[in-house]
Structures are given as C-alpha cells and as structure tokens.
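Order as written gives the chain letters A, B and C; numbering starts at 1 within each chain.
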Amino acid sequence: MSQVLVNGVFLGCLFAVVAVGLTLVYGVMEVPNFAHAGVIVLSAYTTWSASAAGLPFALAALAGIACGALVSVLTEVLAYRWIIDRPAAAPAVALGLMLILQNVALRLYGGEGRSLDTPYDRVLLRLGGVSLSGVKAALVVLAVVSLLALHLLLSRTSLGRAMRAVAQDREAAAILGIPMRRQYALAFLIAGVLGGVAAIAYAPTFQVSPYMADEVLLSAFVVVVLGGLGSVWGAVAGGLVLGVVEGLGSAYLSPAYQSAFGFLLLVSILVLRPGGLRSTNARRVA
Amino acid sequence: MLDVHDLTITFGPTTAVRGVSLTAAAGTVTGVLGANGAGKTSTLLGILARAPRQSGRITFDGADVTGFDTGALVRAGIALCPENRRLFPNMSIEDNLLLGAYGTGRATRRTRLRDTYDRFGWVATRRAEPAGRLSGGQQQTVAIARALMSAPRLLLLDEPSSGLSPVAVDEVGAVLADIARDGTALVLVEQNVRLVRALCATAYVLAHGQVTASGPVPELLSDTAVSDAYLGTTA
Amino acid sequence: MRAHVTALGGAVGLSVLAYLLLTGLSGDQGQVALLVVVWTIALIGLNLIQGLGGYPNLAHAAFFGGGAYLSAVLLDTGLPMTVAALLAVAGVMAAGLVVALVFSRTRGQYFAIGTMFFTAVATLVFTNAADLTGGPNGRPVALGYSLEATVVLLAASVGVGLALFHWASVSRFGDRLRAIRADEDLAQHVGVPTSRVKLLAMVCSAGAAAWAGVLFGQYNGVVAPSQFTFGQSFLMFVALGLGGAGRLLGPAVGAAVVIGLTQLLTLGPGVSQIVLGVLFILVTLLAPEGVLGGVSALARRVRAARTGRADRSVRGEGAVA
C-alpha cells in the first residue's frame, strides 16, 4: 500500500509541476495553455539530442530547460499576446500552437519514441519497505526545488508580487505602472522552465515522443480546475491529490484507465462546484 | 503643473470625452464634477494612458508627456487612485503598498513604507492582513497610501468617497487635506459636494463628455450649471 | 424569403457535389472525399452547440467514434442495418445528454477542458475494451448498406443536415442559442431557458456526429481508435472555426480546408498540421469569423465602396471639373 502511495506521490509531483505552469499563465492571461504540451515535448527532445550529442547530462538538462523557457515565451510574444483582450479566442490559439509545436517536434525528430538515459537510471533507493527508482526520486527532488524557488519568487520579490497582483486585478496593476507585457512574458518564462523540469524529470520513465505530454497535460488541467484556475498552491495540492487518486485507481482497479479516474474526479468537482474547488471571484496566484 | 488640452476619448462607437481641457496648478486641489457617465473617470484614465485617446496634448511640469505610457507617467510623478479603490484583495496590505512603489529600488520602497506606517499608525499593525478584509473607509485610506508610495507630485483620485459612511468620508477628507498641505497637487473627481467644498479651490463641471463650467468652487456650486449637470438638463 | 431559397439551393447543390465527388473519385482522392463529406455532416452538428451557441465543444470526436463503434457492435448482434444505425445514434445522443447534464453548469475554459477529457476517456475505452472494440487496431464493421446506398445516404445527409441547420438557425431555437453565445447570464435573466436549449443543442450535435460515424463505418468497413482521439476533436474544433462558426456553410468549408491540408499536402510528416496550426492562429487573429466571415466582411466593404462611389457621382463630387 505504501508503495502505491509513494508512486502516487511521484505522479502527483509531476502533475503539480506541470499544473503550476498552466495555472500561472491562466492567472495572468486567462489562457488555457494547451500549447504547454508542445513546450514539454520540445524541451525533452532538446535534452535528448544534447545528450546524444555527447553533452554531460546536467548540461543537456539545462539546455532542455532553456529551450522550454524560450519556446514558451515565444508562444506568448508571437500569439497569445495578441488576443489578450479576447479571452474567447484563447482556446483556438492554444490549439493552433499545440498543433504547430507537436508537429515541429515530429518533423525534426520523427514519430518514434526515443529513450532518454540519465546518470541515475540504475539507482534504486530503498526506505523502509518502499523502493523508489532513481528517476522517480529525481523527479520529486526537482519538483520540490523548483516549486520552492517559485514560492520564494512570488512571495519575496518585486516581480513575483507584481505577478500575483496582475492575476487578481489586471487593470489595477496597470494603473500602478506595472509593465504588463513584461509580466505576461515572465509568467510564460516560468511556465516554460517548469515545463522543462517536468520534461527531464519524467522523460526517462516514459519515452520521448511528440505525444508524450498529452496525457500529463490532460491530468494537469484537472489539477488546475481542482485547485482553482490561477492558484499556485491549489495546483500543488491538487496535483498531489490527483496523483494519489490515479495511483490508487491504477493499482487497485485498472492500470489502463488511469487517467479515467482523473476524469471522474474532474467531473465530480465540476458538478458540485462549477467554478473549481477554490474558486473565488478574484483569480488568485499563490 | 498639469495641462490637459483638447482630450478626446472614444471606446468603439461611443465618445466618452470630447475635447476636454483642464489645468491643475501645483499645490492646489482641483475638483472634477458631474453626473454618472459624464466622462470623469474616462478623463482620469485618459490622462494616465489607460484609455484610448483620439486627440489631446498633456503637459506635466512643463514637459510634453502625451506619448508616455502608464509606467513612464507614474515615474514622472502622476498617480491614480482608481474608482472603487481596487486593492488586491487576497494580498496583504503591505504587499499592496509595496506594489505602489513598483519599479523603485528596494531601499526606496522600504523607506517609503516606513513613512507610510508612520503616517497611518493603524495600517502598520494590520500590515499582514489581506486587504480584502478591511472596511470601505480603511480600504480607501490604504488605496491612497498605495498611490502615495510612488511619491507622486500629482495625485488623481476617482470618487474616493463612494460607498463610504459620512464618518469615513470625513476621515478620508482629512487625509487628503493633509496630503494637499504637504504640497502634492490633487485632482479630485467627486460627487460628494461637501468634500469638494472642503478641499477644492477650483473645479470643472463635465456633462456628456464636455466641460460645461469651471471656476472657483464657491461660485460654481451656487451656479445653476452644476445642478444642471447633475440633473441632466442641457447646459 | 431569398435567404431561404439561397440556403436550400446551397444545401441541394452541396449534396449533389458530394455525390459526384464520392462516385467520381477513387483511391486516395476518394478517401479524402469521404472524409470531407463525413466531417461536413459531423460539423453541421457541432455548428449548433459551438457555432450558434458559442460553447467550445471538444467532445465531438467521441460522439463520432461512438456512432461508428456502436453501430458495428449492434450489427454483430444481427440487427438489421437501419435499426442498428438508429439505435447507435440514439445511444450516442443519450451519451450526449449525460455529458450535457454533467457539464450543464460549466462554461468556457472549463467546458473545453471537461469535454476534452471526456474524449480522452472515450478513446481509452475504444482502445481498451478489446472485446467490443477490437483494441488499438480497431475492428471491422459489417456492411449493412451497399456501397451505393451509403454514398447516397452520405450525399443526402449533407443536404438534409444543412437544411435542418438553416431551419434551426432561423428559428427561435437559433435565436436563443445566439443569445446564449452573446451573453448567457443576460439571456437567462431575460427568460431564455438556457439549460434546456443547451441540452437540446448538445444532444442534436451528438446525434449528427453519431450518424456521420455510422456512415463512416459503413463506407470504410473498419474503425480504429486513432480516428477518434481528442486530437481529432481539436481538429474538428479548428475546422469549424476556420470555416466560419455559426455560418451555414462553415462546416463544409472547414472540413474541406482541414482534410485537404492534412491529407493532400505531402510535404512530409506533420508539415500539414503545422500549416494548419499557423493558418488557424492567423484566422483567429485576423478573421475571427473564419474564412466565410472574412469573405463576407470583404464583400461588405466592396459593396460599401461601390455605393459610396455611386453616391458621389450622383451628388456631382468627383465629377470632372
């Protein structure tokens, strides 16, 4: 049982990292960023090709994260920025971007899955009666580190404060002279970095392919709804909850239908609280 | 100090402000009066580049700031305390205040924060509370304090008395009088005649997006132009 | 009156065109023609809830696949074709009702996410319930209708579907849907029975998709989960938006553009989808009402310029001095 829980926590950390990126962007720009799947995919491929080209893993990972950040900011600058006043057009643009990014990856690297080797592939930790592969442990560590860093950014820095403000009342933030475009770009930058972290953290477990992020993205959206669109801590809590739920369902009921449990959770939330678990009138970040 | 010349603001097919000109001298309190929908808020927003201007020249302290964006205007010394206060409800009072000084250095922010706490003692004791939990009058004070954090030389205020009890209005009035005494110029959009009478030396009356009257406050208020504007009869 | 005649004319014309294309083309081109026709039928349904009603519905591929799979399963039990078809459509419409009820209080982004997830789960079922669905490789469909009959049905469905959509669009139902798209809260305030209207639109759109799925299964003889993923739902969403959401011929234009691009452009894997993505973003930014919307806006401007010029000549301005 505890092994199942540990696996659930691992899954939850993955969901949390991806969901936080989604919810940040949503809080600041009201955009359901489907394109994030493409960001994760391109990050993973960058890490893979850097690693295949001979770079030490740490550098390859950094390259992947940098790629994620760059692609994410590009989606903002080239596309999302122009529909800032038309939130209804956001799903359409998001889908268009996802098509582009996934198929760019397909074009560059082909559709076959590639495996990503990491230095900690063969590590197996044993604590109590529970074992955790090196890859999964690395994910948990990376997730905790990056989320803590984000928390510090949001709560202690001027930029982070501004981002929280923009999510709560965009116009009031603008009136104070906060440069909006920079805030949008920053939200996407952070989301891209988190996407890159997610990519290198779980690419070794699943194969690197243009479609590797689809299921995770779906679950991440459930998390975002669970935690409340725009709430970072909601995304973290929701991620862990969903990870455990899916883990339990997968272990005790049916592994093939893992994401279906997430769907059931989503449906129950939406039926009971159409605005998400922690919905308030103001959108919140952190 | 502030010279607005021939300002026109349209939102799509609607013209909210039509050729409005007004001036506010340094160290004065200037009122902007008018009924709902007269274009008062749009005028303030237009000055701060938060509304699309079709025409108009804005001069501040002798310099032409027409092309400045909001950030540049705030840095130049103009601040706006918006209608309905618009504090960030789920952020602490301190965070709200710090945001008022966005873009300045950390040391400057801290100094100004300390000055704010010196001036408004009660705010200091509640600084960690979420701003949404304050009463209307308290929120208004914090909103003014937040605007002051950018050390403006001109403070625009959009109906600071709206939704407040008479006692709270008096408190806000006292705060504003204090600020004016310190030398900051104020442009006050208001519907509360008592507040206007107490604070403003001169005022403008807007109706249907245009200036229909202006001048020293005592004369203006006894003039039919003002009651016309409020009752909606054409000037 | 003229609008009705034009619409009916368009419906009949497209029907005939569909028939000609389906009977005239073969091989790869024939496959493209089939997909365009089938998608047109499905998208006519989507045009109700998404086009007129403004709800970003990403569940459509699930209903499409549901119709195909359900009819295949029912045919196996020995039911006559028409009965199986009708039951399949009814079954999917019931599913549409459930989905609509579950998401009846959700809107906008949440609705998109919820329906997207529904399709993902449907795909999971299609892939994993191997006894019924044949698993990831799909399953054959017993051919209840002859090829000629299927082609006639396909062509006729285009015409009938368009006519029905036109009728719905000009009726009070269409007005109510458009009111919901413009401002749902206001519509509710004013007394529009929004929940009922949305439910009806969703059920009808599911029915259209299911019928398209049944015919698709009949023509193709085989169905597989890869044709009914949430990626396909996205493409349907994109197709309708590209063509012109809410417009009568939007489904046809959209289907033609998307299928044409994905099937005919052989510039290498994925390039057509990249083009599609770019096109979709450009259309969303520049011509938010799709190709048809852009065309009609252009036509309006041309007409305005022409009448302007006519006015001036009447008034004597611009005349040679």
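Criterion: a residue touches a chain if its C-beta (ideal position, glycine included) is under 8 Å from a C-beta of that chain, and two chains touch if they have at least 3 such contacts.
Which protein is which chain? UniProt says B = Branched-chain amino acid transport ATP-binding protein LivF.
The structure displayed is predicted, hence computed values, not measured ones.
Engineer: Which chain lies the greatest distance away from chain C when centres are computed from Cα atoms alone?
Structural biologist: B
Engineer: Report the most central chain, judged by the distance from each chain's C-alpha mean to the global C-alpha mean.
Structural biologist: Central by C-alpha mean position: chain A.
Engineer: Taking each chain's centre as the mean of its CA atoms, how far is chain A from chain C in angstrom?
Structural biologist: 31
Engineer: Please compute the C-alpha centroid of chain B, do the same for chain C, then give the distance between them in whole Å.
Structural biologist: A distance of 52 Å separates the two centres.
Engineer: Taking the mean of the C-alpha atoms as each chain's centre, how many Å separate chain A from chain B?
Structural biologist: 41
Engineer: Could you check chain B for residues that touch two or more other chains and list them?
Structural biologist: none
Engineer: Would you please write down the residue numbers of chain A that are in contact with two or more other chains?
Structural biologist: Within chain A, no residue touches at least two other chains.
Engineer: Residue numbers of chain A touching chain C in their complex, please.
Structural biologist: My answer: residues 26, 30, 32, 34, 79, 82-83, 86-93, 95-100, 102-104, 106-107, 110-111, 210, 214-215, 218, 221-222, 224-225, 229, 256-257, 259-260, 262-263, 266-267, 270-271, 274-276.
Engineer: Sort out for me which residues of chain C touch chain A in the complex.
Structural biologist: 54, 56, 102-103, 105-110, 112-114, 116-118, 120-121, 124, 127-128, 230-231, 234, 237-238, 241, 268-271, 273-274, 276-281, 284-285, 288
Engineer: Would you mind writing out the residues of chain A in touch with chain B in their complex?
Structural biologist: 158, 161-162, 164-165, 168-169, 171-179, 280, 282, 284
Engineer: Going by the contact rule set out above, which residues of chain B touch chain A in the complex?
Structural biologist: That would be residues 48, 50, 70-71, 73-75, 80, 82, 86-91, 95, 98-100, 102-103, 106, 109, 132, 146, 150 of chain B.
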